[in-house]
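Both complexes shown next keep chain A, but they swap its partner, so chain B is in the first and chain C is in the second.
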Partner chain A sequence: MSQVAWLIPALPAASALAIIFFGKRMPKGGAEVGILSLAIAFVLAVVVAIEVFSANVAAVADGGEAFLTTVGVELFPISAEAGINAGIRIDGLSAMMFLLVTFVSLMVHIYSLGYMAGEERFTWYFGLLSLFTMSMLILVVADNLMLLLVGWELVGVCSFLLIGFWWEQKSNSNAAIKAFLTTKSGDVGLVVGVITLWSVFGTFDISQIIAGVEAGAYNEGLLTFGLVALVLGVVGKSAQFPLHTWLPDAMAGPTPVSALIHAATMVTAGVFLIARLYPVYSAVPAAQATIAVIGAITLLMAGLLALVQDDVKKVLAYSTISQLGYMVAALGFSYTAGIFHLFTHGFFKALLFLGAGSIIHAAHSNNMSDMGGLAKVMPRTFYTFLIGSLALMAVPPLAGFWSKDEILVEAAAAGAYTGNLVLVLGAIGGAITVFYMTRVLYLVFAGEFRGYGHPHESPQTMTAPPVALAVPSLFIGLINLPLPAFQPYAFSAWTMFSTEYWVTHPIEFSPLIAFVAVTLAAAGFVVGRLMYRDAPVGDADPMLRLGLPTRILQEKYYLDRLYTDLITLTLVRDKLGAASVWLNDRVIDRIVYLAGAGTVGFGRGLYDVADQKGIDGLVNGVGQSTRWSGGRLRLAQSGNVQLYAGAMLAGVVVLAVVFAVG
Partner chain B sequence: MQAAYPLTFAALLFCVGVYGVLSRRHAVLVLMSVELMLAAVTVNLVTFGAMVGDALYTGQVFALFVMAVGAAEVGIGLAIVLLIYRNRASVNIDDADLMKY
Partner chain C sequence: MTWEELAITVTVFLPLLGAAIITFVPRRHEESAKSIALIVSLAAFVLSLAILAGYDWGARGIQFQLNVSWIEAAGINYHVGIDGISLPLFVLSYLLTFLCAVYSYHHIEEPGRPKAFLALMLMLQTGMAGCFIAFDLILFFVFWELVLVPMYFMIGIWGGPNRQYAAVKFFLYTLFGSVFMLVAFLALYFAAPERTFDILALQQMGAAGEFTANFQRLAFAAIFLGFAIKVPMWPFHTWLPDAHTEAPTVGSVLLAGILLKMGTYGFIRIALPILPDAAVEYAPIIGVLAVIAIIYGALCCLAQTDLKRLIAFSSVGHMGFVMLGIATLTPIGINAAIFGMVAHGVITGMLFFLAGSIKERYHTREIAEIGGGMVKTMPKMGVVLGLTAVASLGLPGLAGFWGEILALLAAFNPAPSLVDAGYLTLFRVLVVFGAVGTVLTAGYFLYMMQRVLMGEPPERWSEAGLRDISPIEWGAWMPLIVLTVLLGPAAFLVTGMTTPDVTTIMTTFLGG
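And then the complex of A and B:
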């Protein structure tokens, strides 16, 4: 089955084309095509995952090699050895991502039926959803960095189009442009990194790069530079500090889009990239330390930012950044911990966003100050949202507990300053996570409704997907129970990239760390409950009354000010722009003008000399010389027949003499 | 060696004809000189025919042909001369120079 895994991205590709070209004529505006293709893709993903995972479990039992299938075709060659290829690489990691992407995408497709009902550009929306799913799957399945880059940029474009889906509002299209430009500035590093890896290993092929690292034949300095440059791309795409500022603004898009793109899949592309190249990263401690530090900073600072938000989607957005920070930090020392958190987080964060969409749909506002008391009117949304929140708060035994605990255990095991940094900040971040989710739960669901109108439960299409997502949010953590007897059959074995790594990096459980983490979480909950039991909003909100800290957080550490006012407006527009205008007017324009004038002068000279004198002279000379010689020759045509006859006789005599002599 | 006499005679006759063609101005005289050249050729044909002595008398037969052709040629030539004379009241060939530049 893994041989035909390319069908998994091909299905949404086909449905994207079908929806965009024929969707408007279909009874449901093309949505049914998208849902059908995603359902088939999900089934295929399950089949592939079962094949890959069982092969990996068998490999662990027999001590064989980890499952890996690559199928590729060369598109065009660059040099004798390397070229641009299109190929698929199926291993535990891509099988896991298939499951996550197709499942969440399917849920979001179904949910969007209700959420986007009556939307003017309904068909276009579903076309984009399918297009995005295809792009993300290409990114996941790629067996070489060039194809991965193609998928990477395609998801960026789809993200841009979907954030700006309601472009009639200027702020939405501004958010789309901001997201696009911010991730693009990170992508510069990505491209530099890919090219650097090519110069180190002479190939884009991931298998060959990994083989090159294992062979040890590489320039360490250059490789470190390339990997750190790749991290810049990760920082942009996965919204890590300091390029995280686009993700909260990206909440301007439709909420299902936020669930799919800006929580479960696209923003994890950076994490996926590091996991994909994990054997390479693990050979370069400096790059790993960079990842760990960036992730640790991100998880804490984004968690703090979530405390002061009033927009429920922005709380979830900062929470996503924070959780992405956990994943990135985890990949600084553990492959399994990083991707396990990616996997579990994809489910419960998508659930939370879909729940938030349902709430917003009911309350007609994004702001928590306009909500309250919704637990009574929308119970299904409340319970699913509660399950998602508990999973995110890392309450045992829900999904988030096991993955976050794994990260902390691995951080402690890694030790050194990066490990300890991640351990400490991660534990504090866990408490902060619990605190802001408690705040959200009380502000949204407790007390009395503060908004306008009468909220009501959302339609079936919008409550069924959260229920379906709640199941994995509850139980998915159990697939990687840290029990030695269970481990050969667990997630760590399913998704391993080599048997050796699985053997040398066992998944462990530390009662102490689990106890501390749960205690901190409980403390976070207690403080949150004390503060928000009565659902204080506006000026009464204790988080908004802290003075300077609140101000700093509300200003987002002044990073947006730095980027927008200082860098974009002052530096780029006022200084760099003016300098560019000066350079353009005074230097480039003059050079261009001089070049133009020089060309005209040269052309005129060429016309005067070469054309008029040379070519025309030649042509006229040919004519005149012919005329002159004709004038001379025509004198022979005297009309005197006897002269002609005499000349003929003379000729005959001459010829006779010649023949006689010869 | 008897052939030497008629061949010499024919050569002399041809030379006289050539001289006449090149030097006369009167068109009729030029035509007559041309006839002299033809006559020289006829003598040659008869001489060589006799020398070869083939059963078909090819040389003599061709001499008859040449006479016939010469008669026809003179007929046309005189007709042209008559037309020129009618048109411009002169038979001096130097006057018939329309073909020159």
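And then the complex of A and C:
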């Protein structure tokens, strides 16, 4: 079955085309095509996953090779030796991503039926959803870095179109542009990194690159440079510090899109890239340390930003950045821990966003200060949202607990300053996560409704997907239980990239770390409950009364001002752009003009001198030519141009004949 | 004479014949000039497709060759032929001219006069196509100059308010460069051990090291000036925004689509293989100027308020990527350059068509006056403009991507001769700046899209009766839209054709 895994991205590609071109004539505006294609893709993903995972379990049992299938064709040559290929690479990692992407995307498609009902550009929206999913799947399935780059950029442009979906409002198109340009800035690193790796290994093919690293024949300095450059791309796409600023603004898009972006597509692309190249990264400690430090900084700084938000989507956005920080940090030392958190987080974060969409739909506001008391009126949304929150808070035995615990255990095992940094910041970050989610739960669901109108439960299409996502949010953590006896049949074995790695990097459990983490989490909950039990909002909100820290957090560490106001608008657009135009018009073009004017002046001077000296022949000649060219100009201006064109044509012919004869 | 020998001659001169026929059309039947131009340009396009169909993709060297003596006394031959490097540009020139003929049914700028306009356009076609098939320096030069005059009149008569200035500037600037080029051609003739203007023979001599280093330096400088102005490379570009802004739509399309490529093509066909040692010496300078053009062009675009001028400046940056590819002196770089030329011809040609139609409807090109919301007022036009803009900013999957990424790839690994000369680090730094340029490019295009396409349309346009894309416009544009999408996944259409001959030129003549 893995041979036909290319169908998994091909299905949404086909449905995107079908929806965009024919969707308006379909009874459900094209949505049915999208849902159907995603449903088939999900079934295929399950089939592929079963094949790959069972093969890997068997490989662990008998010490064989990890599952890997690649099929490729050359698209076109770029020189006598090299070419650009298109190919698919199916292994544990891509099988896992297929599951996550197709499932979440399917849920988002279904949910959007209700959420986007009556929308003017309903068909266009579903076309984009399919296109977005296709792009992400191309990225996931790619067997070479060039194709991965293609998928990566397509994801970027789809997100641009979806974030700016309601482009009538300038703030939305601003957010879309910000997202695209910020990630594109990171892509400078990605492009340079991919090119550098080509330079080191002479190929874009991921298998060959990994083989090259294992053979040990590479320029270490260049490889380090390339891998660190790639990290810049990851920082942009996966919203890591300091390029995370686009992600909260990306909330301008429809909420189901936020769920897709935050859980399964787009932001996971960066994490996926590092996981995809994990064998390469693990050969370069400097690159791994870079990853770990960036992730650690991100998880803490984003967690703090979540504390002061009033917009429920923004809390979730910062929480996504923070969780991505965990994943990236984990990939600094453990493949399994990183992608396991990616997997579990995908489900509960999608659940939380869909729940938030439901809440916003009911309260007609994004702001938690306009909510409250919603547990009573929308119980299904409340319970599913609660499950998602508990999973995010890493409450045992829900999904988030196992994956986050694994990161801390691996960090402790890795030791050194990077490992310890991730351990300490990760544990603190855990407490902060619990605290801000407690705040959200109390402000949204407890007490009395503070907004306008009468909120009510959302329609079936919008409550069913969260229920479907709640199941994995509850139990998916159990697939990688850190029990030695279970491990050969667990997630770590399913998704391993080599049997050797699985053997040498066992998944372990540390009662001490688990105890400390749970204690910290409990502390976070207790403090959160004490502060927010009575749902204080506005000026009463303790988080908004901290003075300078609140101000710094509300100003998002002033990074937006630096990037948008200072660098992009002031420096680049207003100053550098204007300076370039000034240079162009006032200097370079001026030189050209002066040279021309100088020549004319020189000629005129010469003419005058010659004229005064009375060299008749010269005077006559110049006079005649002046009269001739004057006539020519009149001819052109009088519009009698056919005559001239004909004359010129005749001239060319005559000239050719004269030359040919002579 | 067989078809093989005559094919190119017939194809190249058919438009000129058409131009001659049009001049005989009586004034009262002025409109019938459009049908004649359409039929002639379609016939010529079909002939170019026949050449494409008869072309052996796997073979190296020139095909459809014809080499007869023209001016025996001066050793000037009528040597024409086609190879993988010229073929894509050759066919593209016929496609664009044909589409321009179609578009002329939709709109010709004031003062109208289709007879004169289309005669000039067909004359232009002969000149453009001739440049790509000439294998004799003088023949090349004749075609090169032949292009200048029709374009001068197109801008000078059918152009915008400032047309006289722009036309003269375009004419003089290009002429200034081509004078130096001609001197260099003559110098090559006299310096060659066996006097000849034949490009292939001169390439062999260049590879054999028949020209001294000092001679090469001088000759390259002179030829460089001619080609660099045409491309145009920074800082020789200032004729371009004026010419484009003032030119009529068809003029802009052909100017951006084909004329600029004559310069870059000249580098690949003439300057590099005949003067290989000088090429190595000049390559770093070309590379630096190319990257300056990328960044500078993008920055200038950010500050533009005129839609057409913005597109014109974007050409400066895009041609920067083409020149960066050429400067690497590697097969990948040259392939990237040719791909970039074709893609730019398709995409920017399309953008100028759009700019023309937008101006024709809104009666302004000022972005602020258009005021946004085009996706609402003219949904189809808006979507096409959006698609073309993202193609132009280099989105993968569309035509604009490969030229840029492959140029960067090549620049990271320049030719061994450049590495030996110690320029590896320089070129790698250029890659980083070039990549930054892609972000700026994305920036100005998105900024343009936001101000033109998105937002609520201003009140004044709601009653203005703006028509969406007309059937004639669809006819003129659809081939370009299809190519814009097709050349992304099917880049083979270009590089499959170019790779054998690019490899020959780079390995035989430049040893890289």
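What we mean here is this: the second predicted complex is superposed on the first by the 575 of 662 C-alpha atoms of A that agree within 3 Å, B and C clash if a C-alpha of one lies under 4 Å from a C-alpha of the other, contacts with A are read in each partner's own complex, and residues count from 1 in each chain.
The rule we apply is simple: a residue touches a chain if its C-beta (ideal position, glycine included) is under 8 Å from a C-beta of that chain, and two chains touch if they have at least 3 such contacts.
Every value quoted in this text rests on a predicted model; they were computed, and no experiment measured them.
Visitor: For A:E153, decide between first (touching chain B), second (touching chain C), both and neither.
Guide: second
Visitor: Contacts for A:G577 in the overlay, against chain B (first) and chain C (second): which applies, first, second, both or neither?
Guide: A:G577: touches chain C, not chain B.
Visitor: With both structures placed on chain A, which of the two partners, chain B or chain C, ends up touching more residues of chain A?
Guide: C
Visitor: Between chain B and chain C, whom does A:Y218 touch in the aligned arrangement: first, second, both, or neither?
Guide: The answer is neither, since A:Y218 touches no partner chain.
Visitor: For A:W502, select first, second, both or neither according to whether it touches chain B, chain C, the two together, or no partner.
Guide: neither
Visitor: Residues of chain A that sit at the chain B interface in one complex and at the chain C interface in the other, please.
Guide: Residues 639, 641-642, 645-646, 649 of chain A touch both chain B and chain C.
Visitor: Quick check on the complex: what are the chain C residues that touch chain A?
Guide: It is residues 16, 19-20, 23, 70-71, 73, 76, 111, 113, 115-116, 119-120, 123, 146, 149-150, 153, 156-157, 169, 172-173, 235, 237-239, 241, 296, 299-304, 330-332, 335-336, 373, 375-376, 390, 395-397, 401-402, 405-406, 408-409, 412-413, 431-432, 435-436, 438-440, 442-443, 446-447, 450, 453-456, 489-492, 494-496, 499-500, 502-503, 507 of chain C that touch chain A.
Visitor: Quick check: in the complex, which residue numbers of chain B touch chain A?
Guide: Checking each residue of chain B against chain A gives 18, 21-23, 30, 93-94, 96-101.
Visitor: Give the list of chain A residues in touch with chain B in this complex.
Guide: Those residues of chain A that touch chain B are 634-635, 637-642, 645-646, 649.
Visitor: Spell out the part of chain A that touches chain C in their complex, as residue ranges.
Guide: 75-80, 82, 84, 146, 149-150, 153-154, 157, 160, 164, 167-170, 173-174, 177, 180-181, 184-185, 187-188, 191-192, 195-196, 198-199, 568, 572-573, 576-581, 583-584, 588-589, 592, 596, 636, 639, 641-642, 644-646, 648-649, 652, 659-660, 662
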